[in-house]
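Which chain is which? They are A, B, C and D, in the order written, and residues in each are numbered from 1.
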Amino acid sequence: MEKVAPPALFQNWLSSHIFTPLSGGTFYIALVGSVIFWCLFLFILQSLPSPIRRRLLVVTTFVAGLFYSVEFFWPAEGNRLTGYVEPLGVFLQIMGGFGLGIGIISLCNVHGKAIFRRQPGYYNSIAFFLAFVLMIVASFWQHYVKPDTSMEAVAKQFYSFMFDGLYVPLDSTVFSLLAFFIVSAAYRAFRIRSAEASLMMITAFIVMLGQVPIGMALTNWIPADGPLAGLRLERLTNWILTGLNAAAFRAIIFGAMVGYIAMSLRVWLSLEKGTYFEKEL
Amino acid sequence: MNDHRETQMNQRPNGSAKSQWLTQLALLVVFIGLCAYRIHAEHNVEVWVKCVAALSTLAIISFIYRENRLYRLFEHIFIGAATGFLVFVVWRDSLQGNWWEPLSKDGKWYLILAPLIASMYYTIYSPKHAWMSRLLIGTMFGLYAGQCFQNFAAQIFPQISSSFLPLWKHGDMTMGQVLNNWVFVVTLFAVMTYFFFSIRHERPGIRQTATLGRWLLMIAFGATFGSTVMARFSLFIARMQFLLADWLHVAK
Amino acid sequence: MVDLLIRLQHIDRRIIYSLVILSIGIPILIPIDLPVFVSPEAKGLFEAVKTVPEGKLVIIAADWQAGTQGECGPQTRAVIRHLFQTGKRFAIFSIIPIGPELAQKIAEEESKGLGKKYGKDWVNWGFKAGSPLTTLTSLAKNIPGVVKTDINGTPIEKLPAMKNVNDISDVGLIAEFTGSGVFEYYLQRLQGVYGTPLVQGCTAVIAPEQYTYLQSGQLKGLLVGLRGAAEYETLSHVMGEGRRAMTSQSLAHLLVMALIVLGNIGLYASRRRRGASDGQR
Amino acid sequence: MEHASPAAYVVLPLLSAIIVALIFRARAGAFIFIRKIPGIEAMEEAVGRATEMGRPILFSVGLGGIDIITLQAIEVVGHVGRAAARFRNRVIVPLVDPLAIPVVEEVLREAYSSQGAQEAFRSEDVRFLSGEQFAYAAGVVGIMNREQVATSFYFGSFAAEALILAETGQSVGAVQIAGTPSALQVPFFITTCDYTIIGEEYYATTAYLGRDATLMGSVVGQDFGKILLFAVMLLGVLAASVLGPEAQWFAEYVGLWATGGGG
């Protein structure tokens, strides 16, 4: 049985008085009303003098940080904030979706200028716009086409052309370039220049050998259940990966997470230094 | 700064532009020939899609020889298609179900607040109002900062308690397990010591531990590098199987 | 001669990449059969399948998705082919939605070659939703009751392959294939409770964690990644996709190691040259 | 762990108190020693090199969106931007998350104007490439080759595409410095970059570059936080060793205490 979170602070009051679904005329009035309210709110914000803006940013950052930390430290029973966690998560996801427009504007700005100024290779920007528009058309069309009509087959084929013909092969082939780069990186970097570099090289050698049959052949003569079984290449590889490797990465992650807490505290308490935080608003 | 401009850094082989055009043209003709041969063998749409997929694959693989016109074209096509698909996925997986339908069908008028608030992002295009985008993004940073406690506890605490390993024999523990525990605990503490910032490494005990930590770190990085090689090769094996078996049918 | 050695340090990147294409492409075109050394854990799985008592059912738990098809696909195919060859009936099942479909495609392809028929030689229970723990617990007690219908919706009783299969005691072996951590459910609910022999085919990435179950005897056999599939095909004397891809892997790994050795020879030669010239100055 | 376990009520406030206390101690003027981190020291020189060659600089802030890790990377963009602005050199910042555009643009514009080089800043150099990992990688390696970048920086959270970016940067002959808390990508940065800043050193980058009291104090706070974890684990190992099987209830209690007992 899904554990239903207790209603959060004012959640019942809010959902029964303000955030109640409406229909018909009142629905549209509420819509227009909230747009007007928002424009008013932005107008007030804009009229605030700079020092008050700065203090407002500090307060909103702190309150925002307070929400998740208090919700976490508040024990589960009687926790009056858990109710808001899920709706807030959905709200942030929707806002992120609306933020995508900035990316599209940036892309259109860069490629639009390339075409407008006839920069060399501007036909690539034309190809970008074509692929962008065709993919949107193809994916929405196959999503909304009425099933078992003649158009459905066309929509599916057009989508397959864009998705299976362009998107998936391009994606998996760029990923597969790693097969080349890992070879050239290993060839150039694994040189016995220093003790540490050779340590890294020898371990990489052992692990690589332990993964291919030809490598395993080198130590196949060691009896599998004898005392020396641990020296068989595939066993040695597993011992390095489960023991030493896991401990070293755990130590790195411990340090990184302490750094993550330190930075989060600075951001939350507006102690953070750096151009983005100190610039006059 | 070790100078690694090795001699083989020939970005632009000095072959004249004309000869480059010729080789590219020749390759294109060969490709079209192969496509015609395959389309002649199989008269259906799948073959056309496979030919386009093959061209996409070869365009990206051509990058390892040199950045070239074909790669540049398909790089832009890829970015366009990926962004277009992102727009569709954002609509299908989040905006449609969580925003548009509740707003338009269930009458939840207050969901209009999401685009209204998100409009503050778009104030960056007018310098006078750009500070409002800072107000919204600053608040978002505050939200993420507040999650640090839960993230730390959820990820790190189980690892702390599972690091309590006995260093000498108890009950039915084998000597192998005791040795493994020693290796685990020594590696953990040595690598942590290596990363201390404000403690001078010259202090006795600290320097040796930190050096041991650095050596164990190098072993771990070598092991991780080696264990990833197989996975990366299997990616390219799959692409070669697509080209040789699915597309050209010259292999099983 | 020394100049040649010194130049080994800077082999042109394009030569390296062409060698990678050749070492991976040639085995796909011309199946070269490199000797595959079989690990004890792969032999264990082969023996476990061979010694399934007459008339007992084998469960193929296909808990993998498209992402891990590269490794789990060849493993599943190798075991299913062996079950067809030795005339042992089996049932495909999974607690991951897409698993049964992918495994069914493999079983159908293999059944054509060996004249096996769905329903008589094998059956596909399909994906069982709900929490894996409760599904496996009730499955052990009453297989027809929990499964009810197969992947095509036909009632289980009608399928000859399911004749007198009532509960876990009628199951001779459970073979699980996965890239994710669902393995514990089979340990906790089936092998650990009823002692039904359990074997696994897993991806190379999660292999280190599975070895502990091998040493404790909870696992009778283990196939590790593509290498495991190649080992199983070697035991069943078949030149399958595992061995072909393994040949490419082996050649590519040999190439990387050879390049590293050559690079270091070049470094050593240039140091000796510099050492000699310092001596003369 | 949905809600704080008993251990969380003790360890987390203690860890936070240590860090904040050391921040305020540093702001009050206490002397702070931080060991050398070669990668960070080399950043200034790397920017200078790009200027000598008259080629642009590339800065990738990784795959993270608007989160704490990416914020640290964006702060480093500010430092690199100020160094590049002194020589009127370009910094190209291809991005994965659209919401990072206003933040990075703001930081770079400020960096250039603080050096009196507003006109040298081009807003197209801060550009969104794609939200998809490998479309982003394809775009960045294309830019590297076409712009022939002389120096590239990789700061932020990275995944498999790290080796695609860094090996291409190597092949174009760029000087490369990487810094990431993503431990799994560190081996690939080590084999391709001139300097690699690992794990928690990543969070000390701005402190090291800016030499600001608050940030330096925070780095010392990180050390003391780690000493706290070090002590807890040392205690745990000794208890497990001394008590042996009896430690089982202790380990379970601590485990329960630590993870909130299946909460």
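One rule holds for everything that comes next: a contact is a pair of C-beta atoms (placed from the backbone, for glycine too) under 8 Å apart; a residue touches a chain by one contact, two chains touch by 3 or more.
From a predicted model like this one, the values you see are computed outputs, not experimental measurements.
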Centre of all protein Cα atoms: which chain's centre is nearest to it? B
Between B-D and B-C, the pair joined by more C-beta contacts: B-D
I'd like to verify one number: the distance from the centre of chain B to the centre of chain C, where each centre is the average of its C-alpha atoms, in whole angstrom. 25
Whole-angstrom distance, CA centroid of chain B to CA centroid of chain D, is 17
From the C-alpha centre of chain A to that of chain C, how far is it in Å? 31
Geometric centre distance via CA averages, chain B-chain A, whole Å: 11
In chain A, what residues contact two or more other chains? 72-73, 96, 99-104, 107, 170-171, 174-175, 177-180, 182, 184, 186, 188, 190, 200-201, 205, 208, 211-212, 241, 249, 252-255, 260-261, 264-265, 267, 276, 279
For chain C, what residues touch not just one other chain but two or more? 11, 13, 17, 20, 24, 204, 225, 249, 252-253, 256
Multi-partner residues in chain B (2 or more other chains touched) are 60, 63-64, 72, 75, 78-79, 81-83, 85-86, 121, 124, 134, 140-141, 144-145, 148-150, 152-153, 156, 163, 185, 188-189, 192, 195, 217, 221-222, 224-225, 227-230, 233, 236, 238
Which part of chain D faces chain B closely enough to touch in the complex? 1, 4-5, 7-8, 11-12, 32-35, 42, 45-46, 49, 66-68, 71, 99, 101-103, 105-106, 129-132, 135, 138-139, 141-142, 145-146, 148, 170-173, 175, 184, 186-188, 190-191, 194, 198-201, 204, 219-220, 222-223, 226, 229-230, 232-234, 236-237, 239-241, 244-245, 247, 251, 254-255, 258-259
Quick one: in the complex, what on chain C touches chain A? 9, 11, 13, 16-17, 20, 24, 34-37, 39-40, 204, 207-209, 211, 224-225, 227, 230-231, 246, 249-250, 252-257, 259-260, 263-264, 267-268
Chain D contacts chain A in the complex at 2-4, 8-9, 12, 15-16, 19-20, 23, 65, 68-69, 71-72, 74-75, 78, 95, 97-99, 101-103, 106-107, 110-111, 114, 124, 126-129, 131-132, 134-135, 137-138, 160, 163-164, 166-168, 170-171, 181, 183-184, 186-188, 190-192, 198-200, 202-204, 206, 210, 212, 214-215, 218-219, 221-222, 225-226, 229, 263
Of all residues in chain B, those that touch chain D in their complex: 1-2, 4-5, 9, 11, 60, 63, 67, 71-72, 75, 78-79, 81-83, 85-86, 121, 124, 130, 133-134, 137, 140-141, 144-145, 148-150, 152-154, 156-158, 160-168, 170-171, 185, 188-189, 192, 195-201, 217, 221-222, 224-225, 228
Interface with chain C, chain A side, in the complex: residues 179-180, 182-184, 186-188, 190-193, 201, 205, 208-209, 211-217, 220, 224-225, 234, 238, 241-242
